[in-house]
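Chain lettering (A, B, C and D) follows the sequence in which the chains are written, and residue indices restart at 1 in each chain.
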Amino acid sequence: MSNEQIKNLEEIFEARIARDEKIEPKDWMPEKYRKTHIRQMSQHAHSEIVGMLPEGNWITRAPSLRRKAALLAKVQDEAGHGLYLYSACETLGVSRDELYEQLHSGKAKYSSIFNYPTVTWADMGAIGWLVDGAAIINQVPLCNTSFGPYARAMVRVCKEESFHQRQGFEIMLKLCNGSQEQKDMAQDALNRWWWPSLMMLGPTDAESIHTEQSMKWKLKRKSNDDLRQQFIDQTVPQAELLGLTIPDPDLKWNEEKGVYDFGEINWDEFWQVVKGHGPCNKKRMKDRVNAWENGEWVRDAAMAYADKKEARKLKEAI
Amino acid sequence: MSNEQIKNLEEIFEARIARDEKIEPKDWMPEKYRKTHIRQMSQHAHSEIVGMLPEGNWITRAPSLRRKAALLAKVQDEAGHGLYLYSACETLGVSRDELYEQLHSGKAKYSSIFNYPTVTWADMGAIGWLVDGAAIINQVPLCNTSFGPYARAMVRVCKEESFHQRQGFEIMLKLCNGSQEQKDMAQDALNRWWWPSLMMLGPTDAESIHTEQSMKWKLKRKSNDDLRQQFIDQTVPQAELLGLTIPDPDLKWNEEKGVYDFGEINWDEFWQVVKGHGPCNKKRMKDRVNAWENGEWVRDAAMAYADKKEARKLKEAI
Amino acid sequence: MKNNNLYNYIISIADNSLILAQRLGELCGHGPTLETDIAGTNISLDLIGQTRNYYQYAAKIQGEGKTEDDLAFLRLEREYKNVLLVEQPNDHFGFVMGRQYLFDVFHLLFMTEMLNSKDETLAAIAKKGIKEVSYHKRFSGDWVKRLGDGTEESNAKMQEAIDDLWVYTDELFDLTEADKAMIADGIGVDTSKLKELYYAEISELLKEANLTVPEGKYFTRGGKKGIHSEHMGYILSDLQYMQRTYPNMEW
Amino acid sequence: MKNNNLYNYIISIADNSLILAQRLGELCGHGPTLETDIAGTNISLDLIGQTRNYYQYAAKIQGEGKTEDDLAFLRLEREYKNVLLVEQPNDHFGFVMGRQYLFDVFHLLFMTEMLNSKDETLAAIAKKGIKEVSYHKRFSGDWVKRLGDGTEESNAKMQEAIDDLWVYTDELFDLTEADKAMIADGIGVDTSKLKELYYAEISELLKEANLTVPEGKYFTRGGKKGIHSEHMGYILSDLQYMQRTYPNMEW
């Protein structure tokens, strides 16, 4: 294709997006659009998969059968989210194995929040309440993103995430209505997860790359700082309801702006974790890589069996 | 050597044993003597090593620091016993690796009692009290056996075993003076370990092989049934002291003979376990074989390092 | 307790599902594919669901005001009555699927019979459970076939698992005093009658999967009497951790 | 509590020994040679011995009538203050010896300083402990050398362990509020002054062992604040099992 033709296609493409039409896998799309989507969707998929680990850590120790069942269901949902999102990536011509390879080699990222350890049961509450809460704020706008498979995946994901968030809040509520030990456990979890949750909304706008292009493609509709403000404004009253204290001495209501002012985020910590030096980065990758390597013989067997079965069918057909 | 000469040597040899002289590794001995000793001593060594597993199972869960320390010390002693006994075997020209190979391939036996699981803390008491108790009865006569290294090893082993036995009894005593749950735990352990402990003294005399020759060489001084009677007569009053009931409805004092009569032993179970079908035979062997195989790279490294060090020393000396 | 036998009967069924669910729960996020992780949590979830129904019913029968969680989390090891099979470790995926299949075939036969129980609650649990367990068996059976008839390596691993786990199958058919009493009352399932069907079905699938049916005549038992393998203590120390550490709280 | 800082100070030292002893205790009977099994239980035993002395003293200072076992077994995870290093798993023998060596070098430097503590009990514990810890360090250091300078495979495995464990070393030198207060009182050891010696000694041995000294500038910390790795919960569920299951009994 000539540059002229490509430019023409690009204009038609951008116009479709501007008209809020969905782009489907078989449609023509600029290479950068394809790559950006693979990057973002796979990063999201990886986050779901790695995110199973900190919660999976409490399945065997959940304090009641009801909670054990809910946690199992939640982790199962996350695996399901990973599955849709990898499938959405596959529509753009990249295989799941390639994406795993990127994850395992450290080339692809996943949400840094999952590099913190889950040290008490209350962390199951805090993750649902705060981490899923922040995730929803990130993801709700994506239900209207331009790429069809991603938008449709996000509709389903957001529905389930919001169920998870309510469940997480309910875990916290139960703790906060419980014994002193339970209240302490809840407060401690909030203390540990609050700042990492704020960081989940991404670096400050000044340091954020990709933003302008992503806005155009509706991969992003609000800036990181706006999303963060939204998260804080939504979460502070919930903490009050729980009777918990947000671990930020600078947090206060700004009557004039109608929002909460908040303290300085430790961006050094953020970048340290992003770069692989958080408390659990190594462990998470070790767990994933081990699962993958120890599972190789199983996947090989499944493939060999499918081939044999196919061959037998063919033979019978002849 | 002519048959005549050998016969002559054998007569001298048997005469030395009859005079209670010790046979030392460098002395002439009949091949059968050598083989029998390797078999018995290595079986004993293997029992110590495999015996570390059921007790090792409770180290991380011992109920107090004092008990944890005592259990660690006990298991360490067992490893030590294994070490002397393998060394004693080595004096007869068989390497530890060969003996391990015999254990791992199932060719060599170890005491069947260790194929029962340790399911509660009280089992630490029962093993010390009953299993070590039966072991001592088996072993004390061996302190005067004819083969010097074995006799000397047994002196040390018996001393430590009798300490272990007192310790085991003391665990039981504490439980029996404790809560109802503790008493139940103690009784339950006695119920499970009683019969296997009786079986430890070996098959009934009628079915026992090797006995006559072993008597001559002082590898055996009493018959299995006599040892068993001794064990029962010694243990029943201890159970009474603990307030526990021996799980044998036929057990009763025989005034006339001055011993306890007791019920039928389930020899089918005994032979089943001996043949490898006890509750833990597979697990014990898996654990030992895994330890050995996973440790291969470590032993190889130690060897390579020693070689390098030796080479460096030589080089410096030149 | 008036209905001691019924209570004991239910507990031992419930414990099977609980402990197997617990074993599957350890695996989450560590399996060979995303699809097997999803199926594994799903099966675990079904089993926990059944478990809850059983314990709720058992607690009611016991009549001491206990909850499902009291029964699930606050008994001593010797009081759990699950078969040894379900507590065996996740050594590798062949063990996971082998254990599952060897249990699922029994479980479906069992539930199918329990449909006819005179006890309405048990019959209702069976009715709901049969669908779930049919799916479990299809899933685990398919994997036994894939691994058995896959590569040389997978065949060897699957055979190893079947050989090791085989010794725990016979216990599934042991009848305790409670079992016998419940059978006599038309409430319990006479599992001794299911044995032939069980081994026939399994043998057929194993052969189809290019696996050798073990011939062992010796079986290991104990779980139904509360004498567990040495794995059980560690399963319970995790399972009970929260309830033991924070007694008498709500979660 | 009058002596809150002293109590906290002792607890955090004691917890290091307890958790490391617990990790070693898992290995017993599963090591590569009989000799290493003996040494491993021996080191574990020494550490438990130290632990008992520390907790007995801490309980006395606390003055609430608690015992060494109350302190060892009945705290919540967030109340244990051991460094992350000692709770790392026994992935393979290189990890076991690497963890031990990285701790032992610190431990000996620490005990040598603690000899001069104004607190007589702590000085006495140090006096007894120095002999033990010197032996531990010789044993673990020898193994790091053997594995590092053994075969290609063992070198790679030992390097892997050192690389993974390295991130936990810096925390050994963190000073908590209790540490600072005790240093000011002439009771505690100013570990910040030991840091250079520590890394110098370790670097020297690693080089001798044909291993690369990691250059990482990022370290992981948390244990001294009671924020542990995800391994800790499982360590505690076994450690506390009996005391939690059977409260208020004597053993």
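By definition in this document, a residue touches a chain if its C-beta (ideal position, glycine included) is under 8 Å from a C-beta of that chain, and two chains touch if they have at least 3 such contacts.
What you see is a predicted model, and the numbers here were worked out from it, not measured in a lab.
Undergrad: Which chains does chain B share as contact partners with chain D?
TA: C
Undergrad: Could you work out how far the Cα centre of chain A sits from that of chain D, in whole Å?
TA: 37
Undergrad: Centroid from C-alpha atoms only, then distance chain C to chain D, rounded to Å. What do you get?
TA: Computed value for the inter-centroid distance: 41 Å.
Undergrad: Express in whole angstrom the distance between the two chain centres, defined as the mean CA positions of chain A and chain B.
TA: 58
Undergrad: For chain A, write out the residues touching at least two other chains, lowest number first.
TA: 61, 181
Undergrad: In chain D, which residues are in touch with two or more of the other chains?
TA: 76, 233, 237-238, 241
Undergrad: What's the contact topology between the chains, one of line, ring, star, complete, other?
TA: other
Undergrad: Please give all chain pairs that are in touch with each other.
TA: Going through each pair of chains, those in contact are A-C, A-D, B-C, B-D, C-D.
Undergrad: What part of chain C is in contact with chain D in the complex they form?
TA: 76, 233-234, 236-238, 240-241, 244-245
Undergrad: Going by the contact rule at the top, pick out the chain A residues touching chain D in the complex.
TA: Listed in rising order, the residues of chain A that touch chain D are 54, 57, 61, 117-120, 181, 188, 192, 272, 277, 279-280, 282-283.
Undergrad: Can you check the complex and tell me which residues of chain C touch chain A?
TA: 21-22, 25-26, 28-38, 41-42, 44-45, 48-49, 51-52, 55, 68-69, 72-73, 92-93, 145-147, 149-151, 153-154, 157, 238-239, 241-243, 246, 249-251
Undergrad: Mind listing the chain A positions that touch chain C in their complex?
TA: My answer: residues 49, 52-53, 56, 59-69, 72-73, 75-76, 79-80, 82-83, 86, 121, 171, 174-175, 178-179, 181-182, 287, 290-292, 294-305, 308.
Undergrad: Quick one: which bits of chain D touch chain A in the complex? Just the residue numbers, please.
TA: 76-78, 164, 167, 216, 218, 220, 222, 227-230, 232-233, 237
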